[in-house]
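For clarity, chains are labelled A, B, C, D and E in written order, and residue numbers in each chain start from 1.
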């Protein structure tokens, strides 16, 4: 039940904010803030103790679970559950949600109520995605979170918002529909084999699939998640969406929406299609590495600061995809840390860009320069997050990237080396941001104010979280460990109906660790 | 006492946190106290620790203290834990000691700067990171310090951020070293993959047990680590960033780009020496890199006009000596030279800083001159430093350390005559460019008026360092000097193995020493003759076309910047720029255009004429019937 | 005909009675509101008669009609949609002078035709039902005869519908000549006899010609060209009717005709259907891309939607029938809502179908814009709306029968489709200066339709279980 | 009574039907278009009669009757539309009815 | 008798050809009546005397007269004939002709290969038709009445004399 409440609180808060916000913009802000704080507290009180408790080795993977009948004639149930992975992501969602509310505080003047309504509903959809265990329900939430996001962009976005919003929606929807087709295909194949027509995740796990079918279905899922991630070469919606979205939109996009793609890869693609994912792993990893480098190079050449940061997301999320397809504990833990830290650091960078835009009404790097003198504290934070973004040890992103690389290395040494090249490229663009915006000569005269208390607290919390994850990520690792271990166990299908599927994959289950051997 | 190990890096880091959070609200005085004080206490702690360490020495060569578990994933258990042995202690002593002096000096040097507390914040952060680097018990933590000092180096080179050139230099330093760092990271991956640990001592043990001498793996690992080392230590081929790094304030150059950070490469190799010893090839490469670098930098040093750039090239060159020593297995000599170099190079930079300070920021050697009388103290300490750098025999510490290297290069079983010759040539070059700089600066007519005289807080570190540059050498006096004194070697041997000398060459020690002494003195004499005794000869020499060409070539650091610009920088920028609009996006746009074209095509049938529509109906009927009839 | 037959026919009888009553009322004295009310009462009575008929179902009433759950469901859909159109019509024609009452008469005729269609199991009933619908529609489309557009649309629809009816009849005649029966079930049974290749070809040719007629009504590519013109020219409530009732009825009939024949009609025929489905999905969505007229846009989109439905029709498995039924219900709701929004915004002289007239609607009439957005999102198949469940159902039906290429076409083309739905949504939410600043008050009856359809839309989108359960065992 | 193959009867119907199609496709005069439609419907009715004759059933003729009724109804509405159109446009050119397009 | 059928067929086709090519509407209508009469003959020969009678009465009689009325009402004179000639350029025939030819070829292929037993069918007179019509087909008759009603109402509404202010409030 607590999971429903966790999702319902932002939904209700959103409605309330929407209604009251028509009269009083302040009310909408405070209600949203209160709802998210309440949700965060509830999550901390309910989930954290459960998640940190040592798990009995015989217990199932789920810490909390809830199953209600929904459309039972089609085998669809309202099935929510959370394991350590979900808990971590829920907490991240709420934290970044708060940041998003905080950074919209003074940025949004028009239709404030409706804005917060949309914002809260996006967050609720994301929470749903992170906890849904019925594939139909998952897809439901998956699409649901896009619509308010779309409105956030078209109503409060910048100059080119319509183009960006439509592009964003089209890309994610088409890919989502491919996933829907794959979900349904899986449902029927599973139903035909077992006689049990169900969309339930745990039921569908281990469905034996012929090699070709499995690959097609896996690609359906992969398409949706790759677009959301975003993986090269379907990343093109991201720079536009980020650039045009309001700050809170960018924060939620970068910090959370992209993570749903990563989460999907982790939770669904590999566990549901272990064989296909294994076969596809070299390609996926190659794409991931291409994304790492491509995103980094493109980020460097951008003149729009938001666009620049957007491309860095492409690069960073490539690491996550790389890790997922390596599928060993080290890489997966790294992926999780990377997910969180990218959310925090890129979210914070977007917040900073938003603050600059609010003050300067431009995001053009060519017009900035020498801002340090005007806004040293903002500059300091920007420097901090830029360093985090380039993977400076001691900050969370480093732990993520390092674990990923060290985990992937045994499976794909060459790709790892190329991916490590992304670290160099990351330093190029990260420092470029600081140089262009805050260092150097002032190109125009700006009279802008430094951070106020609310802004400083927002950034400070994010920075502290990054520092904490950089120096002591062990609690997160501990929390996610049983979840990841469970996912890695559900690897080998129960049985193969056709002999050709075993013949084509020699000695697949032989590896006790279950790592996929890609390019060696 | 050993329990307090963690305090040593923690204090400067705490200083950094206070300074960073306090920011501009702190008074200069408070900032200075915090900045200098934290490092000072660290230095005192280090001293106390050294005493404790020495007391237990023969029995307990190393201590490990874990502070907390950083992370523990799938067999990779990384602690924030510190390892203390002779090597680390030496490094710590230099970092905190010299660091403290430089901090003290900075109070005066930076007194009028806007970013006073920011400066000390960065400096404290640097000291903390550097201490973590040298104290790290595992390679992960070492990497943390490693990158951390890189970041501080970046921050401090670009300290005066208004000038884009400084920003460029800072980014260049960071990116170039990061190339090396990445190689090092790959080495870490490989080590963990093959040996299952990143704890240094465990690694050394397992490497020795599992890998044979001369096999491929240790060579690969060693070369990757060397990649990291050359990046950080500005050795060939990644040396290009250091001369530009002089854009930072001079104390920074003294601390980071001379005394401590740039020697991290040396430290890394010394730390992982067992792996290097498993690979003779890698060792030779280290030696060759060192030799080549010291010559290259020496020649470049000859032609510089900027006083700090001369010193920068000399740093590159001196670290080349250290690498050369490492390459021939002269571990103790390398460490000794590191320490002495820290003293005299810090001294030289600080003294140069005092000169620059005095001349209101003037760095051009040709605009200096005649400062002997204006700044007598600086003159004296500079002379001490220059002598030490040039390894003027007997009286300078530099002589003892450098001579030790030259001799062991000659006598080591891994050494050779060619390397020795290079080292000797380097010594000659060193003495030439050093005294060229010295004479240009202090002799001749006064060209720029003196504005500031150094205060006590600048003078005191200069004096201390000058003394150290002269007398520290007596810690290690060669055998040939009547049996000698080997305090330092003995000390360091608890951590690093002794050099394997070829018995056949051992007897030539005194000859060798004579040769190096001759090189140093010869260089000095040559410069004196060309510049002071008969300046016309010197001028004539510099007017030679060949000399001018060479001079320009060396001035630009052998064209490496140009080459790398051509090979990497410009193609990267070019590729990024032409693809700014994202070609992939273009492809999708094309797809969308295609869709719109199809829309136009399909829309062409919507003429609004009922006859057209009826025709469509009929065509459809005909087509369908054709399909069922003939297919 | 026995009393059970009459009971089974009760909805049709009630409808006919209502037709007569309305005619009488008009003869006695013209009164717009009263006529509308009587029409609604008749429709309500017919709906109320459905359970009576359902109690006797399934039953064959003469050879012509088969009253079964399947037919009754569609009948309910037709009747409810007609009622909605009547309400919209009341709102639309309220401020007109002149004869408005015939609208309801014709509407009831058309509804009766559609009701006959959905329960017909015989070519004769099929044809008669279709023609009642068509002939009533000719007049309905051209109803505002003071508007040249409406007349034009009427003429186009008439010429093309009659032409397509010719093809349909010729096809029927060929089938009859080959098989000797006009009865759907008998036709399917006759297929058991091993036929020669030639007679197979004859049958297929007949079916193909029949398909021209059906394809015209469903506006499948390449028989789609009339759609946009007619939708645009017809008054908005009539457009809603054309888009919903006339298509629903024909889809119901097509499925009833093909379901038993599926096995014998052979691969070639299903290939053709597949091609038509794909062509409709692609063509419809492409055509709508740059439309500036919302009615035309919805017209093109309806072409695509019928393509989607055809995927489920093709699937022909046990999932196909409920999928088609659910999809048509969802589609009907969304189309009614969409055209309803246009209807309540239209004035006597112009239909409010220019895209730019929707600019910034959200800020003037947020409620109306929200309804329209919900409808468009449903058409686009976004969750929370009935359209999503419908699309899900259709893909399910396709997947069950491994129509992978059609599913992929469906997915990609609905992605394209999303673009133009979003264009409309974006326009409504655009903050640029709106063209038309005065909000037009929404008449109560229109508001009622919009509210109910929105509620239903979301209810079906979030809790489809009751309907799904109802549809589960309704194969004809 | 004739003993011709039934296919000949159907061929006649087909030929007439297609002539009607040609008429609809070619003529711009709405009246002629309606005539073409009548020809098509009549041809379809003929086909039904032929088919009914083949099976010796009255069903074919009944279909013909219904076609007849439909043709009558359709023509009446069609001609009403034509009158209204002519009243407005003063022309019978069907190509003028192309304001709706695109 | 067979000859009579083929003769009727030839007349019907020829007359229809003339219908579709005439420029004058009244001429075309007259030819169409000829064509319909020929078709009625064919009906008769195929054993459908009732259909033949209705063809003559309803089609040739009622429907065509409706056309004639309208043509008269519109008073299409020589002016319209000239326009008609202009519209009927030979080129206008090419496309539809080709299209129809393709369809014809297909249908000839289908029907030509189709062989039904060519027995002499028994005549189905008005009695059988009537029995069927008011037996199993009674609902169709009822529904046809609704169809005619729809046509009636539609035609009434559309052709009603127009007041200028129609549609205005």
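What we mean here is this: a residue touches a chain if its C-beta (ideal position, glycine included) is under 8 Å from a C-beta of that chain, and two chains touch if they have at least 3 such contacts.
These numbers were taken from a predicted model, which means no experiment stands behind them.
Under the contact definition stated at the top, the chains bordering both chain A and chain C are B. Relative to chain D, the chain whose mean Cα position lies farthest away is B. The most central chain, judged by the distance from its Cα centroid to the centroid of all protein Cα atoms shown, is A.
With every chain reduced to the mean of its CA atoms, the largest distance from chain C is reached by B. The pair of chains sharing the greatest count of C-beta contacts is D-E.
Centroids built from CA atoms put chain C at 78 Å from chain B. Inter-chain spacing, taken between the CA centroids of chain B and chain D, is 95 Å.
Centre-to-centre separation between chain A and chain D, using Cα means, comes to 64 Å.
Annotation: 26 Å between the Cα-based centres of chain C and chain D.
Within chain D, the positions touching two or more other chains are listed as 6, 10, 14, 20-21, 24-26, 28, 33-34, 45, 50, 52, 54, 57, 59-60, 62, 66, 70, 73-74, 77, 81-82, 84, 94, 97-102. In chain A, no position touches at least two other chains.
Shared interface positions of chain B, i.e. residues touching 2 or more other chains, are given as 603, 606, 608, 610, 614-615, 618-619, 621, 625, 629. Contact between chains, using the touch rule, shows up for A-B, A-C, B-C, B-D, B-E, C-D, C-E, D-E.
Contacts from chain E toward chain B in the complex involve residues 95-96, 99-100, 102-103, 106-107, 109-110.
Residues of chain B touching chain C in their complex: 595-596, 598-599, 602-603, 605-606, 608, 610, 612-614, 616-617, 619-621, 623-625, 627-629, 631.
Contact residues of chain D toward chain C in the complex are 6, 10, 13-14, 17, 20-21, 24, 30, 33-34, 37, 40-41, 43-45, 47-48, 50-52, 54-55, 57, 59-60, 62-63, 66-67, 70, 73-74, 77-78, 81-82, 84-85, 88-89, 94, 97-102. Interface residues of chain B, counted against chain A in their complex, comprise 20, 23-24, 68-74, 76, 80, 140, 143-148, 151, 154-155, 158, 161-164, 167, 170-171, 174-175, 178-179, 181-182, 185-186, 188-190, 192-193, 572-573, 575-577, 579-580, 582, 584-585, 587-588. Of all residues in chain C, only 123-124, 127-128, 131, 134-135, 138-139, 142, 145, 148-149, 151-156, 158-159, 162-163, 165-166, 169-170, 172-174, 176-177, 180-182, 228-229, 232-233, 291, 293, 296 touch chain D in the complex they form.
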